[in-house]
């Protein structure tokens, strides 16, 4: 088996979550790369989709923002933000969307904070804010979350609740009035979490080589179930080759 | 003074209601001709505007419907119906719109029926329905109404209330929750009506040559004030010349 | 996307698959322009029954579906075909005879209803219709609505502005979303996956397309994806909204298709006369719709000189100087 | 329309006329793309104060307006400039220091708020934000809102669906309309009456333009009306929405303008370093904004080779192969 980097591992983990026919809502960086790689590996008929309104862009160069002019080239449709979010809220197309997102904090139900740390009105640290994150998390069928595993990020209580995950359990979204769907997986630098279909609480699904479940728990403020965790299946040679050669030959992201 | 036809008289009467800068919502036929003539006579910076979304069309040929491909040629913007109606409901642009419309029935407050005669569910006569009429009458600053003067058309009570005029008096629109504005003038084949700013009831403003106020009242189911009515100012030579030579040289509408 | 993923099928199969009896359906176009007439005629040919039809001002197509007896219920803003029928003729007869259920809205209300469906919200607000019979007169009564999961329980709801007098608006009318089972639109260009381009006014086609559970796109021209992607600012409907793509040249005939052909005044005048008389109308159906097996065969019945006459002028997008009497 | 009716004026006059101190304002663009930067710099140059700024993700322009002290209050969804500033730097400082009032929304909520303003309705519904602090945490409190006629009394309102469970939606969030005093957008082409064309993604520019009491359009190219009317499917903003047209080539610099030029990584990296330090930032303002009297003079301070490097490739619409480190 080939050598591979942590970023490659994380990217391939996301690629494996994308199914054929999915509309892949992504941001820049690793999430975009995962969407590109999925089209070559497992989901040739998936669509790369940006909240700015670009559908199925030909990404000859890596965009540095979802508003980068590189997302506007050779697309299927250059729509507006209104169009993009309506596609996700739409009762039919929204069910085809898988959203890839990150955040500053996450709780055990996959609820996210991308707004601020400390008091909302006079925060200790201010982040950019929701952007489309709350919208995507509210609307779409499944979300894939990228997070770096740190105690201050995997928290018992969010400082600000920006984007809904499973809210507070199996009935959380329904009680709240949100559509079905929610966080599907959390991909970190140490392992991969999923959510129990009973409790909707996060559990450890798998851990990377040289990492133990205990070390993972040490990096979290809350405790998750780790009993069924297994070693993460490493990227295959084929996956790595496609990722490196077809998606990021200049190693701009990887 | 030149000879002129009744249709020319009616068209010029409408032209005189259009001010520079107005966005003129019009249908086909005489209303469109009035909008075209106004651009040549009194309102060079007015815009011809169709509910189908066409703005400032170059009407090289007469459209036979507002969905005619002739309205799509050489326009400023080819928008959608959603765009067109939003322009009229918009708090700023809506104030610039003057709507030209017709109907099957009108009452003393300028409320209109373009839906049906008789019982709604099993009508004696069915018309096409509101189309954009209710929307225009609800939203815009002023409307110009074309009607042929007949007892069954100028009625005490509408068989179906399709489009709001002044509702039931000076407070009618406000009570109902509608924006300011309303019917400004009713142009008929015998004379021209306006609405009292006190009562918002229709009154006879002027009557055409060879017509008397009494003969006009004979053709209405309700009674209007005629005391201040004067003979209608006939079309001027200049108005007629422009209308005939610049707007409808082939006499397709006139 | 490989050729294996093409959504291109023939019109007969598309209608058989996506338009069952009783379907809730909407069609694109406006009065005498860009109605998906080939699809309308195929629906008639297949003797579809009990359709629930949503229309804003989709003139000619609506009238022919009603005339052929395909429609059980109609929600509509306007049934007219310009000068050819100030009120659509078979529509008028059907309503005056009590042959179909119907309910009236305004054009903007219907537009917003499709838009709400496309946006995935249960309603949208407007100031249109306050104080009118559009709010007071329901075509479908409360019990009929409650017994039918596909109808909202209320026709229209008046709501006091929850933001007080914000935007100087004390109250609004809420119009309920429409999500048809199937929408059919006719466009100038599409690719095999359904990516579509409309030239000229789009009317409400895009909202109708996106509001719908299933979407059939009929197109004048089936083109390579790259032709469309090279100019994406002009495209409106993304592939993931589309279920079936059908290549039907002259697919809007006898209504117009901007940049391609005009409406056919000869056909529409002929229709007008036939539609006015029940016996003649039966013959019209037999001769023009049931008789031909395809739209191509229907077109073969038209004088080729007339088809030539309605071909669009490249400069204007319509047939300049066409005799339209 | 005769030349006498032209709306073309210079940028200085446009800002003097339509952007008084305290104005409620919105700007077009998204993060590092098509921000009306020439206008932003002119606002800064004129030392405008107390602006109430509405933004979805209008990155660079928002950060510079805040940094220069023009903004008193901000309603925003996202303040980031892509890789150049994952969180906008002067925005972050201003909020952490308590220098400005602010209130958070999502991108779709802000989009819908402009859309509501454009449509002339007091609110629009969405399912976004249910259960979150976007609803619970208000940046402007009830009394501040009630004392300010330009703010709605509520931030967001949750409404039970008046149509029952229609569209499987038990409740929605209502977002209040925004009608800014003035919006400024930058477009590729406009005519003297304001008819405007945007190439590439329009973002929320069209809704922002139509929601606004006054509209300033800055354009790369001032063209004849006929050039725009010959291809109306590509035009978005009709003349009657526009108050002022300003011809400013490179008017979005240092953000991108699709088909014309890319964002300038050199300028943005330089800005990033300057913005991080208060003293350096003062020098940046002096050197790049207060010093030059016009956008042309600002551009004259940029290395011409760099301007050349960011010129868009005709094929792709951006500067292919640009060094973006």
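A, B, C and D are the chain letters, set down in written order, and residue numbers restart from 1 in every chain.
Please note the rule applied: a contact is a pair of C-beta atoms (placed from the backbone, for glycine too) under 8 Å apart; a residue touches a chain by one contact, two chains touch by 3 or more.
No experiment lies behind these values; they were computed from the predicted model shown.
Enquirer: Taking contact as defined at the start, I'd like the list of chains shared as neighbours by subunit B and subunit C.
Expert: Where subunit B and subunit C share a partner, that partner set is D.
Enquirer: A-D versus A-C: which has more C-beta pairs touching?
Expert: Higher contact count goes to A-D.
Enquirer: How far is the middle of subunit C from the middle of subunit D, if each middle is the mean of its Cα atoms, in Å?
Expert: Comparing mean C-alpha positions, subunit D is 38 Å from subunit C.
Enquirer: If you average the CA atoms of subunit A and of subunit C, how far apart do the two points sit, in angstrom?
Expert: 39
Enquirer: Using mean C-alpha positions as chain centres, tell me how far subunit A is from subunit B in Å, no decimals.
Expert: Taking the average C-alpha coordinate of subunit A and of subunit B, the gap between them is 56 Å.
Enquirer: Measuring from the mean C-alpha position of subunit A to the mean C-alpha position of subunit D, what distance in angstrom results?
Expert: Their C-alpha centroids are separated by 28 Å.
Enquirer: Show the residues in subunit C shared as contacts by 2 or more other chains, in ascending order.
Expert: Where subunit C meets two or more other chains at a single residue, that happens at 117, 120-121, 126-127, 167, 169, 172, 179, 200, 233.
Enquirer: Give the residues of subunit B touching no fewer than two other chains, as numbers and ranges.
Expert: 72, 78, 89, 91, 139
Enquirer: Specify the contact topology among the chains shown, as one of line, ring, star, complete or other.
Expert: other
Enquirer: Identify every two-chain combination in which the chains touch.
Expert: A-C, A-D, B-C, B-D, C-D
Enquirer: Using the touch definition from the top, list the residues of subunit C that touch subunit B in their complex.
Expert: Touch list, subunit C to subunit B: 29-33, 56-57, 59, 76-84, 86-88, 91-92, 95-96, 98, 104-109, 111-112, 115, 126-134, 136-137, 139, 158, 167-172, 200-204, 206-207, 256, 258, 262-263, 312, 316-318, 320-321, 324.
Enquirer: Which positions of subunit C touch subunit A when the two form their complex?
Expert: Result: residues 1-2, 5, 117-121, 179, 195, 210, 212-213, 225, 228-230, 232-233, 235-241 of subunit C touch subunit A.
Enquirer: What part of subunit B is in contact with subunit D in the complex they form?
Expert: For subunit B paired with subunit D, touching residues are 21, 23, 44-45, 47, 55-56, 58, 72, 74-78, 86-94, 96, 139.
Enquirer: Taking the complex as given, what residues does subunit C use to touch subunit D?
Expert: Going by the criterion above, the answer is residues 116-117, 120-127, 152-154, 157, 159, 161-164, 166-167, 169, 172, 174, 176-177, 179, 199-200, 233-234.
Enquirer: Please give the residue numbers of subunit A that touch subunit D in the complex, ascending.
Expert: So the residues of subunit A touching subunit D come out as 28, 51-54, 60-61, 63-73, 78-82, 85, 89, 91, 115-116, 120-135, 138-139, 160-164, 167, 172-173, 176-179.
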